[in-house]
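Naming follows writing order (A, B, C, D and E), and every chain is counted from residue 1.
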Amino acid sequence: MDLLIQIIFGLLAALIIGAAMMVVTVRNIIHSALWLITSFFGVAALYLVLEAEFIAVVQVLVYVGAIAILILFAIMLTRHISSEGERLLTSRWWLTAIVALGLFGAVLLPTLAGQTWNIPLPTGPAGTPAPLSGVEELGREFVGQFLLQFEVAGILLTVALIGAIVIAFEERSRRRRVLTLSEEYTLRQRQQATAAKQAPVATADVAD
Amino acid sequence: MTRAIPLEAVLVVAAALFCIGLFGALSRRNLVGVLMGVELMLNSVNINLVAFWRYLEPQNITGPAFTIFIITVAAAEAAVGLAMIIAIYRNWDTVNADSVDSLKG
Amino acid sequence: MDIQRGNIIVMDRRTGKLRAGQGLLQGLKVVWDHWAASFRKNENFTQIRGNFTVEYPDERLQLPQAYRNMPVLLYDDESGHELCTGCYQCQRICPPQVIHITQAKDPVTGKMVPAATEFIIEYDACMSCGFCAEVCPFDSIKMDHVFELSTADHDSLTMRKAQLNRPISYYTSIAPDLWEGVKAGAMKKLQGNIKRRPGVIGMAPSLTEKIKARRQELAEAAAAAPPAAAPAAPAAPAGKLTPEEKAAKLAAMKAANAAKKAGGEAAPAEAPAAELSPADAKAAKLAAIKAANAAKKAGGEAAPAEAPAAELSPADAKAAKLAAIKAANAAKKAAEAAPAVAAPTTGNGTAAPTDEKAARLAAIKAANAAKKAAEQGNNE
Amino acid sequence: MHDVVNQLINTTFGWGWPGWLISLISYLLIATLLFLIAPFQMLFLTYFERRAIARMQDRVGPNRVGPEGIFQPMADGVKMFTKEDIVPDSADKWIHLIAPCIVVAPTMFMFAVVPWGPGMVPVDLNIGLLFFFAISSVSAIGLMMAGWASNNKFALIGAMRAVAQMVSYEIPAVLSLLAIVLITGSLSIVDLINYQGGLFISTMDVASVPDFGLGWFIFTPVGFLAFIAFFIAALAEGERTPFDIPEADSEIVAGYMTEYSGMKFGLFYLAQYVLNFLLCAMTAIIFFGGWQGPGVGWLYSLAITPANPEGGWIFNVLSGALGVFYFLAKTYIFFFVMVWVRGAYARLRIDQLMDFGWKFLIPLTLVNIFGATIWVGLTRWGAAEGLAFVEGWSPIMRWAIAFVVTLALNLGTYLYLARIYAESQSERARMDDEVLERLTNVA
Amino acid sequence: MIKTEELQINIGPQHPSTHGVFRMLVTVDGETITDLKPVFGYLHRNHEQIAEVNTYLQNMPYTDRLDYFNSMANNHAYAIAVEKLAGIEVPERAEYIRVLMVELTRVLNHAGALGFLINDMGAWQTQLAFGMREREKILDLFESASGARLMCNYFRFGGVVRDLPDDFMPRLKDLLVAMPAFIDELERLLRENEILLQRSEGIGILPRDLAIAYSVTGPVLRASGVAYDVRKAEPYSVYDRFDFDVPVGSVGDVYDRILVRIEEMRQSKRIIEQIIEQLPDAQGGHINPKARQNVRPPVGDVYARVESPKGELGFYLVSDGSTKPYRYKVRAPSFINLTPLGDMCRGYKVADVVVILGSIDIVMGEVDR
């Protein structure tokens, strides 16, 4: 049983890391986004392994169902830029690679050094109640212990929503508006009416 | 579960994910790519939170709760970020980070 | 604007009405009514509900008499004669020009006969306008009711006369009233045309064999009674000569001439007769007899007799061939009898007897052979 | 299933296999069963739809292949399989290939939480409803991939429309379910069904009501409004008329499926019909009690269950059969409604669809959530929660008052929103007028 | 909403809803149309030139193929033109039969057109199936009279090719029983349906003055509020003997076109009822017996027009005294009604294009000729 879980975990870790690697190295931005989705799925599966079903489902719902789709939409709306042949990375990508690797080393080395492998971890006593991750507990805590954070998150979401709309929405006057035939016709009539009002004498002359 | 896999293994995965995300966020030219890197980083943080909750304090709901908050923040960040990318695209006609270098809109 | 006898109605758009889904429910109601009513069959014009489907290959609607699909040619059931006279009216009016007619010619006189030897309609390009049926003065071309004509290729939709022929009885079965209206005139005109058609010209191709068989029966019956009475009466059949008879006569005449040419010495031409079909049997016999007479007249000296038929229709090709072979044999015999070189026997034996051409060829060859033999006879 | 397999292997044969192996075997069995059921549902649904809609149009529909044309879908399937698989030259081959799979996979996943009868649920997740909707949003990715990989303008537009529509209609769907979740207090689908015993009034609201399995949510104003909103959202999610904009054949040919042929196209079809089946099943489960119906509860109480180990196995079979019958009957009735709607209506335009979703359905469902809280307060809360005035009322009285209050609230909201929505449409025309006015002055 | 690049989409010539092989080169900004260029000619069959090498009568079946939905109306216009040119009298009874056929044609055309329009809006054939059901009934009548359902080729110079069969009138009366029910039902389906209103109200508005300027005719013109109907403006045949109203719209959008078509079906039914009343008293036979079909009109030219279901259908013929027209020109309503399409679609959404196109009710056979 343990072996099974270890194998599953190994596969999941490989999936998550591999997909993430593809995200940052693949040339086509759409493929990159699809790898990102793969990575999200891997993380959701990892949550399931960690017995956090609710988080896993929320991960799928929010990351895959919303954020990934938003990203895909953004890519498609800014499509003709993501063409082939352009440089994928910035000119100093090696620097960032060193920074990232260094950070990983800094985190990983102490972990590897200080780890005593294959020693069963101190787990709770046999009668430990099941871990709390149910919806009910979360809901209670959201309106209890974490009320402030909950409110702040709500406000953040609202602000983000409004902000996103404001940023992405063109001002009405700047937006190109295609007049329909009847609108054009009305416009012309009104313009003629205003012109006639402004220069009644001239129109009278023409009429004569 | 907790018997089979040490906490550190999960943390190593999270750290690797974070570093990859960092690399992506710093080195990709495409702004959407940058955003994807940031999403990876946020995911790694979530893994950490869930792992710590599960291994250390399964009776305390704080871990999942904050994971949810971070997911919320990530959603907000993605929405605003992508809106900004689209606004940038509209003004500069590009989504490359190093082409967007003037302060004038 | 003013209009006469009527008003201008400005359509009511019913604006200002609160629309909270009543229209949607109304639509659902209508569809539901149809669904609920669809379990019974509806064949009634007054109803708008119920299942209207005609499950086509199993059920078929009664086509109206006036229905027109593709043109066909009618022939008379009784006599087998086609109503078509090859007058080209339909060919001329046909808007897409898909009708092609070859008018029949009298093989003897070369004159036009009121019948069509070939009649082609390209069904694939026909637009079913029905003009051909309307203009046809002899009511020969009519619009068929068969519409299941689909094929995989265009060629099979080029209909020749044999495929176009339909008996009048078929047409009366699909459009009795329409036929009733034109029957008298059409049949009268047909009788007039039959008189002007020699032999099987103008008969439905599918019927010629049958008709020939019948005629043979009649002839055999006739031949059994007075077998030798006729030989001396060459002029007798003149009135009702069929083209074959004519042809045979012609051949006989030619043979006689050739024999005469052979220096007054008649060749012992052999008659190409007995087994021939009644129509030409008589003629051929006659010819043979004549040739024999001529030969006899020629005083026992061999002269090639030329036998049959110049322009026989395909059906009598067999007869023609036979006649030709016989003539050739006769010529051979004649050549043997005389010190003449054998007349070149023609290759008729192998030629397929199916078409006119071969028969004609055979006849021509036979004639040539006869001529040659005659020349040789002369030379000696 | 686990119990049955365990019984068979360990008790009957006495092989003593470990528990995880038994679990594995039972889950594999269930998965196989569901993977068999799903395509057959799809085959039958296509036939059902074609026949029903033909009847609505005074026709007969397919009736040639087999008795009454029942094998027509098989013939179509054979046709699909034997067709040439065309991949456009400029398509992204791999994504083009895996997109249909990604569309189909989530629909199969969703079967995991659908209960077919009493005690007949593949996995009783305590977040079943959330799982259902989380997974259903995944297929949007597949649609996007299909549209993008085809390298075709129609496909891309269709995919964008499909995804925009799915994402925006997920919100009213989830919000309308939220009202129900508030009442039941659980995200588990099994709990949801168990709540719906009773006779017009749920036994959970009023305990004294006899249990005929008819205490469906549809009989409450909150449930009714939620049902309307959910069903409309389900139509949009399942891309059914009047919301079949992503594959609007009269505008964008076949939407994201334009460049697909053969079995890949068939997979999209499979996904769509299976999704439709699941949405109908969900509607039946959430608002019409799923397998609940007269007799099922009583039969099941006599059967072998963890709570009642001394029951008769025949009652398991009977209650299961009756429950599955009720469930499928309800599901097919909803599918018939989908067909019915398809037969009657035209299609909305994409902007109208968005307007309708965002400006009408979402406010409606939000108000409905408010109604649900009133419902919960009036039927369940007492002095402890701060509602002291309800204390003296009898349960049936509380139920009746809750009914009246929520009915008034929902009806008023509906009419008010309908009016506002209509006004917002004319408001738009007025805005156009303003633009014209401004342009006039500019010139 | 969000500015994107302008995208060019080809709708057609191979497209489910272009009513034939019609191509629209649509430039869209997001979903909004900035430009639409109609491209036609894919169904060009050289109709007018063929007509000039055919005799006058031979052209009759070709006119069937112009607007293959309403072959009777096309026949009528052409017959009137040639009769005017050659001075052929038409007996009264023949005129009644002609008008009867043409009005039936109008009903079947509108039933089909509305069905196709709703189909373009995305309905799944139901309304079309209902329309087609009525159309089939009328076509059955046509078949029994002329011998063909679509390509009727029924009219001849001086009358019609054959008189109505005996069972025609009873069947027609049956049909008239069903027709109001059908029209009412169609109205119930179309008139108040919210989805349909959303799709048709305010869509494709063609203002009155512009409609006249574009020389649009038929229901499209009347929907724009101009009460112009050739049957009233210049009564031909026996149209001056019937009472009927001219429905007009007030806005000129797709919804008005639907309403006008529904009302026109009612008016046609009214005319048919009057024909049934008056037909037994009509003088003469089904055709003028003195009229030669192989006409050789005197030198001259003529323009004859009728109110075909799609608009004013006119034939311009020039005769040089021979049996063939020297010049043959068709004023095809579909073609001329199509001219404002590009302008009408501007500013609307992609989905509206097919609806506007459907509301114009074109038949490509007539547009390309």
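Convention: contacts are C-beta pairs under 8 Å (C-beta built on N, C-alpha and C of every residue); 3 or more make two chains touch, one makes a residue touch a chain.
If you're wondering where the values come from, they're calculated on a predicted model, not measured in any experiment.
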| item | value |
| --- | --- |
| Least step count from chain A to chain C, where 1 means the two chains touch | 2 |
| Lowest number of touching-chain links that must be crossed from chain A to chain B | 1 |
| Highest-count interface - the chain pair sharing the most C-beta contacts | A-B |
| Centre-most chain, if every chain is reduced to its averaged C-alpha atoms | E |
| Maximum centroid distance from chain C, chain identifier (CA atoms) | B |
| Mean-CA-position distance for chain C and chain B (Å) | 90 |
| Chain B-chain E separation of Cα centroids, rounded to whole Å | 63 |
| Centre-to-centre distance between chain E and chain D (centres being mean Cα positions), rounded to whole Å | 45 |
| Separation of chain B from chain D, taking each centre as the mean of its C-alpha atoms, in whole Å | 32 |
| Chain D, residues touching no fewer than two other chains | 56-59, 343-345 |
| Where chain C touches two or more other chains, by residue | 19, 21, 24, 27, 30-31, 34, 52 |
| Shared interface positions of chain A, touching two or more other chains | 1, 54, 58, 66, 73, 77, 168, 170, 177, 179, 183, 186 |
| Residue ranges of chain A in contact with chain B within the complex | 1-3, 5-6, 9, 13, 16-17, 20-21, 23-24, 29, 32-33, 36, 39-40, 43, 46-47, 49-52, 54-55, 58-59, 62-63, 66-67, 70-71, 73-75, 77-78, 81-82, 86-93, 96-97, 99-101, 103-104, 107-108, 111, 115, 117, 120-121, 123-124, 128-133, 137-138, 141-142, 145-146, 149, 153, 156-157, 159-161, 163-165, 167-168, 170 |
| Footprint of chain A on chain B - complex, ascending | 1-13, 15-24, 26-30, 32-33, 35-37, 39-40, 43, 46-47, 50-51, 53-55, 58-62, 64-69, 71-80, 82-87, 89-90, 93-98 |
| Interfacial residue positions of chain E with respect to chain A in the complex | 1-5, 29, 32-34, 205-207, 209-210, 252, 340, 343-344, 346-348 |
| Interface residues, chain E side, partner chain D - complex | 7, 9, 11, 15-17, 31, 118-126, 129-130, 133, 189, 193, 195-196, 198-199, 202, 349-354 |
| Chain D residues touching chain C - in the complex, by the definition given at the top | 52, 55-60, 63, 340-341, 343-345, 414-415, 418-419, 422 |
